[in-house]
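You will see two complexes here that share subunit A, one where it goes with subunit B and one where it goes with subunit C.
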Partner chain A sequence: MDRQLIETVTRLVMEKLKDAESGQTNTVTESKSQQEKRHYGSVKVWNHVGEAQAPKSVEASVVSESSVSQAVPIVKQAAQQIKTEDAASKKPGISKPKNKEQLAELMKQTPARIGIGRAGLRPKTDAWLSFRFDHAAAVDAVYGTVSEDVLKRLNLFSVVTRVDNKQEYILRPDLGRRLSDEAKRTLKERCKHKPKVQIVVSDGLSSQAVEANVEDTYLALKQSLTALGIEMGTPFFVERGRVAVMDDIGEVLEPEVVVLLIGERPGLVSAESLSAYLCYKPRYGTVEAERMVISNIHTGGIPPVEAGAYLGNVVQKILRYEASGVSLVRKEQ
Partner chain B sequence: MRRTHRGMEHIISAGIDIGTSTTKLVISRFSLMNTAGASHVPRIEIINTEILYKSPIYRTPLSQGDEIDMPAVFALVRSEYAKAGIRENEIQTGAVIITGETATKRNAEEMVRRLSDEAGEFLVATAGPDLEGMIAAKGSGAYEHSKRTGRTVANIDIGGGTANIAVYQAGLFKGTCTLHIGGRLIEYAEKRISKLSRPVQLLLEKRKWDLSIGNASDSPIIGQVANAMAETLARILAGQVTAEDEPLLLGHPPNWDVAVEDIMFSGGVSECIYRLEPNDTGGTSASVYHDMGVQLAETLRTHPELTRWRWIHPLETVRATVLGAGTQTTEISGATIQVEHEVLPLKNLPVHRISFEYETENIQDKIMRAVEQALELYDPGREGRNFALYLSEVPHLRFHDVQHIAVSLHEALCRQPDQRQPIVVVTENDIAKVLGQSLQVIQQKRGILCIDQIRVENGDYLDIGRMLHSGVVPVVVKTLAFHS
Partner chain C sequence: MLQGQTYEFKNLKELFAKANEEKSGDRLAGLAAETVQERIAAKQVLAGLTLEDIRNHPLLPPEEDEVSRIIEEHVNDTIFADIKGWTVAKLREYILDDSVGDRELKRLSRGLTSEMIAAAGKLMSNLDLIHAANKVEIISRCNIAIGQKGTLASRLQPNHPTDNVDGMLASMKEGLSYGVGDAVIGINPVDDSVESVKRLLHATHDFIEAWNIPTQNCVLAHVTTQMKAIEQGAPAAMIFQSIAGTEAANRSFGISVSLLEEAQQMIMEKGTSRGPQRLYFETGQGSELSAEAHHGIDQMTLEARNYGFARKFDPYILNTVVGFIGPEYLYDNKQVIRAGLEDHFMGKMHGISMGVDICYTNHIRADQNDIEELGVLLTAAGVNFIIAAPMGDDCMLNYQSMSYHDIATLRQTLERKPAPKFAAWLEYMGITEDGRLTERAGDPTIFSE
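Let's look at the complex of A and B:
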């Protein structure tokens, strides 16, 4: 694990303990912790308890503080991440494996936590910490929001669903499937009507999936569609959207195909996995069998750039057969 | 090309092995299927291999002097296809391999090239002692055994002219070595020695043993030669080479750095050890070969030095190499690739590797330098000989990195003399489609072939077949070293 991260967390805890002893108020802690907020791969460190505000505002300040807005540092971060992951995956937690080579080979086959060893009946500290780390990343991914920078870079404007906040988003999936009245008006004003393909981005259950992977997927998809001569509508971002929000979009803009790039429910392998849902003429009453999905788009799954390039061909196929999902499979045979 | 429901696709593969003493052929059928989940990008894999036809074991037709009798080989292949009920144009993949001493014949290269051109849609010409060893290990079951048990296995394929050793540990390739150990190194006619091969002559000189043509075929010296061969084999398996072994060593010394645990014998001589073949047709049983094969097999079977290792029974003996060539040489590319139909199939492309060392820095320099090297190596006379570039150790790429690579590749490859040839790029990672599309946006003049998820090494050769219904291409990675 990242040593710097461990140090930061330790310092945070120590400070809290000291504060409690000397009876200081929360405000001091807050201002101190403001300086400590940093990105560590997929986990953001902030003072959950001392914070009076919602994580949303914290994150906004994180972005403005650190200048991670350029594409270049993200690249480095990603490259390093992959390297360290590789290095870590080669080191089994079992001290004296019966067959070292075979164990290494098996561990290479899966991102699952195998060959991590044990201390008595419990996992080893390293394994336990990285498990907690991944769990924290998953929680962060659900409660985070997509930074304005990413949207600005891709020239996406934002609309909202009928959901007001994250809590409601989780409790009321039905509201996440409907656009707000204002959103519908905005789309009518700003978007091309009846395009061949409408690309939509939504945070869904992982804002980090969007931040990490949407840019490359979108650019590669755009290049692919342009090369194939397929016309695109005006792309936009839906905050707190669910997959079926594409039905509402279909009613308003009447595109032939909707491609919805949406953050997947985070797991313990990756909190950054993106999905692309595709549907031919989604409208009210579209059944789920008509939708199709390319999932697992992230650095450890299908690379975002490759996914985008592949999606172009899937769109082409949908247009050719004028069908998607189960109907497409039927027509293909 | 037949295609049944549920997305299964079948292709026919042929394997032809032209060895020192015997020639054989197998026809098999691969079943390809998308094994990825419904919500994933497809992944096409060979999920089943079915042997449709095995030919009898034929004597390799040789004409006078140092040549293979090409018309006879062609006739043999044609009649076997007819027996199997297969036409040339139905063969969509597979390999012709020329092995052992036959590869030293004057017309060996021409032979396999012509056979690969005429005996199938996409049949690959291969040769080279290291490749032989690896293919035999896959055909004999040694590779599977190592993969299943995690043990370190040496497969020793002993034919008429050479013994090809390949070592695998837990399914991972560890090294090869080739020795002049084989049945036909001493030949008999009418109970007299009729031929002593060059390596045996060197061995006799070195040991100061007296044996010459015309001596009786039951001379005790022959036993000593067989014994010397077994001892050399034992030392090589242990990773050692002494001065005594040099006459029998072909090419490089053993290059594996692991301790061998299990050994498996395949090849014609191993048939004399295990007797797996049912009573052979056409009088090809071992005794009528009139050579030292039977005695060599007996010596190997009983030699105390070789009992150090656990002996594993092979699944195939004399047919290991042909089965390996027919069923184990074809790989399937990734499913998201960029391929223009007109440029396929492509044959005998040398591969030049570019390593990005997991960095996005200096990509342009690395590509420029690598293309320069490739031009020097594979097209020194600037005659327009094409090559494939292999991008390895690629870091995670952002979209603009891909653009950058595409532009750099285009610029560097502009220096190839023949711009009508396609640009061929192979990538280790799953990025072929986006890279191919990016190249297409930059230039439309040259055809593009961009495939991924194939592992190759510098100096390998690549054959790429026509695109299948599943949207993938069959690929054979091989060596083309005709040892002299």
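Let's look at the complex of A and C:
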């Protein structure tokens, strides 16, 4: 529920902000297609970082009808482009289809695994093993760790949450939301206090997302913040963190905005998808609806560089309104 | 006292929770038994309670909760008077008694609360749950009837990441060509807007009409969105809603009894289906805790309360979604399999036309082999329907479920037929011949003009 709420709220906020500033020039220049893609990301409603899942079909009721339908056309175009490319590489597995051309056409229209044929009643070997491979990649992303190299390259030191190992991480989301006592001490010693923006990276449910996509996202975000003249705190890495660990970080370092780049729960389409969560003054008791998320950051979704640049603008807006999430919407009205 | 060790249980809530098989969600809630022996001790104490004890000490009092009230109001006092002195052990043994069949269990069901059904389930082994559930035949009717002995129906789930109509239809044609879709063609929309729901309802309805398919369509948006779409003339056979086992959890889903009654009235007046049953519910262990509305009650008992709540609305179908919610509620294959069998048994004991979405996400300790096993077990248990997606990969919700291939395989291996009217249509279309898939099966282009 919470995740969905955050995404819905973000969508709402983005719509509002877009309306509010039409006519203004963005600091970061983007092409039309880039803008489309980025909206695809902010709108897509199912890239979870995998805390409690909502039932498959419950919708948050905050969002108004009109804001959803406004967002839709943009979503569709962008997503369609991506999916068609994927589909083009699929080979049909049906030996004698009634209509070969139509089969190719159908397969282009969806990323679903159709047109795959059968071995008796079972899937053919290729289709079965490619499915198993995609699941394997997702599992390895969950249980993998982020290499020292990446952290070193980005000059991120590492702290841990109250979670001891991956299994505990999976079972106890509550512990992943809290920093260890040592982590708190380390942050107090090594980090700038009360910065405008605190950037944090965490593996979350996909170490692969960090390996593959944090570098570009982070560097673009840094560049964007520098260009906008926004002061940054000392960035660091939180091992086995959950989204709400930003509240603990907020208590310790008291930044105005926290940007958390965290690995999403892997899907079969991508095991490398990254989310960026943003919150104005996260502290204990911050409700989920105060957070915002840009999800689906990976090469097949929102390209990391564009996501990073875009995040800089979102931070600027949060600072301008001194609010995020639903509060931002309220201030707007 | 068990083997010289004394175990104490403060109240029924604690006893019910500790008598459960291991579930990560009960542990997360701080309710689970500390040791395996404590778990068995709890089962032994529970076995000795009478049904009257359970009714007289409600886990969540009716004065405080709408779901409790519905469960309490349902109890037939005449039947209850006959059985109130039974212990839970006796209840389990009665359900399993070889002279007790479908008719007796349906009568018994009217005298039981959801908590009593959950209690019996807690004392049962996996094979108990399979064997007992298989005794009960629940036939439900919307456009067609499903649930007959010897049948296995299915929900076709042709989701698409952007609700693209052509993409959805492509997955739907593929599913139909495998003989999937008799329980419902049901789509989870990405976009919960009235326009999107209308588009999907029209597209599925038109296709069903054009090909004369004996089934029913449904778009699984929030109930209020579906109602708006139907009001604006969209053709829906059913209205869907996710439900929960406490009033507070239902509130967090944006529903209440009166809203569902309104929906029921509307689909009766404006739905396209013949009925009489026109509602579709979804449930799943752990949703109350995740909504922080569990009142210190364990997830299996809360799940039983879902069925007690659902029973009031006499749905055409209900499925539990087992394996979707996340490893902090059901950690691995063993817990998913257990929960699937429990839910199915408890639903059937409430007289509900039960289906299961047998599934897993990528961060739980399970894979396709595990859910294939649960598919076999539930088919053996007489499940009314199973959900299937292309190759088991739902490209919108990002999780894995059973595949179209699996439905066909379960039917043939375990000698189950599709729902009768749908089976006749499959023969007419040449997708099956004498009940077996033909050369044409598995080819979505058989639906090209």
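In this section, the second predicted complex is superposed on the first by the 214 of 333 C-alpha atoms of A that agree within 3 Å, B and C clash if a C-alpha of one lies under 4 Å from a C-alpha of the other, contacts with A are read in each partner's own complex, and residues count from 1 in each chain.
Assume contacts are C-beta pairs under 8 Å (C-beta built on N, C-alpha and C of every residue); 3 or more make two chains touch, one makes a residue touch a chain.
Note that the coordinates shown come from a computational prediction; the quantities given were computed from them, not determined experimentally.
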item: Touching partner for A:V293 - first (subunit B), second (subunit C), both, neither; value: first
item: Partner chain(s) touched by A:D216 [first = subunit B, second = subunit C, both, neither]; value: first
item: Subunit C versus subunit B, contacts on subunit A by residue; value: C
item: Partner chain(s) touched by A:Y310 [first = subunit B, second = subunit C, both, neither]; value: first
item: Touching partner for A:S224 - first (subunit B), second (subunit C), both, neither; value: first
item: Which superposed partner A:I302 touches (first subunit B, second subunit C, both, neither); value: first
item: Subunit B versus subunit C as contact partner of A:T125, first or second or both or neither; value: neither
item: Touching partner for A:N99 - first (subunit B), second (subunit C), both, neither; value: both
item: Partner chain in contact with A:N165 - subunit B first, subunit C second, else both or neither; value: neither
item: Touching both subunit B and subunit C, residues of subunit A; value: 75, 79, 83, 99, 102
item: Footprint of subunit C on subunit A - complex, ascending; value: 1, 44-48, 50-59, 61, 63, 65, 68-69, 72, 75-76, 79-80, 83, 94, 96-100, 102-103, 106-107, 109-118, 121-123, 127, 131-132, 134-135, 138-139, 141-142, 170-174, 205, 265-269, 271
item: Subunit A-touching residues of subunit C, taken from the complex the two chains share; value: 24, 27-28, 158-162, 164, 166-171, 173-174, 188, 190-196, 220-222, 224-225, 240, 242, 252-254, 282-284, 286-287, 289-291, 321, 324-329, 331, 357, 361-364, 367-368, 389-393, 395-400, 403, 405, 408-409, 412, 437, 439-446, 448
item: Residues of subunit A that touch subunit B when the two form their complex; value: 71, 74-75, 78-79, 82-83, 99, 101-102, 105, 215-216, 219-220, 223-224, 226-227, 275, 293-296, 299, 302-310, 312, 333
item: Interface residues, subunit B side, partner subunit A - complex; value: 5, 39-41, 150, 169-172, 336, 358-360, 395-402, 429-434, 436-438, 440-441
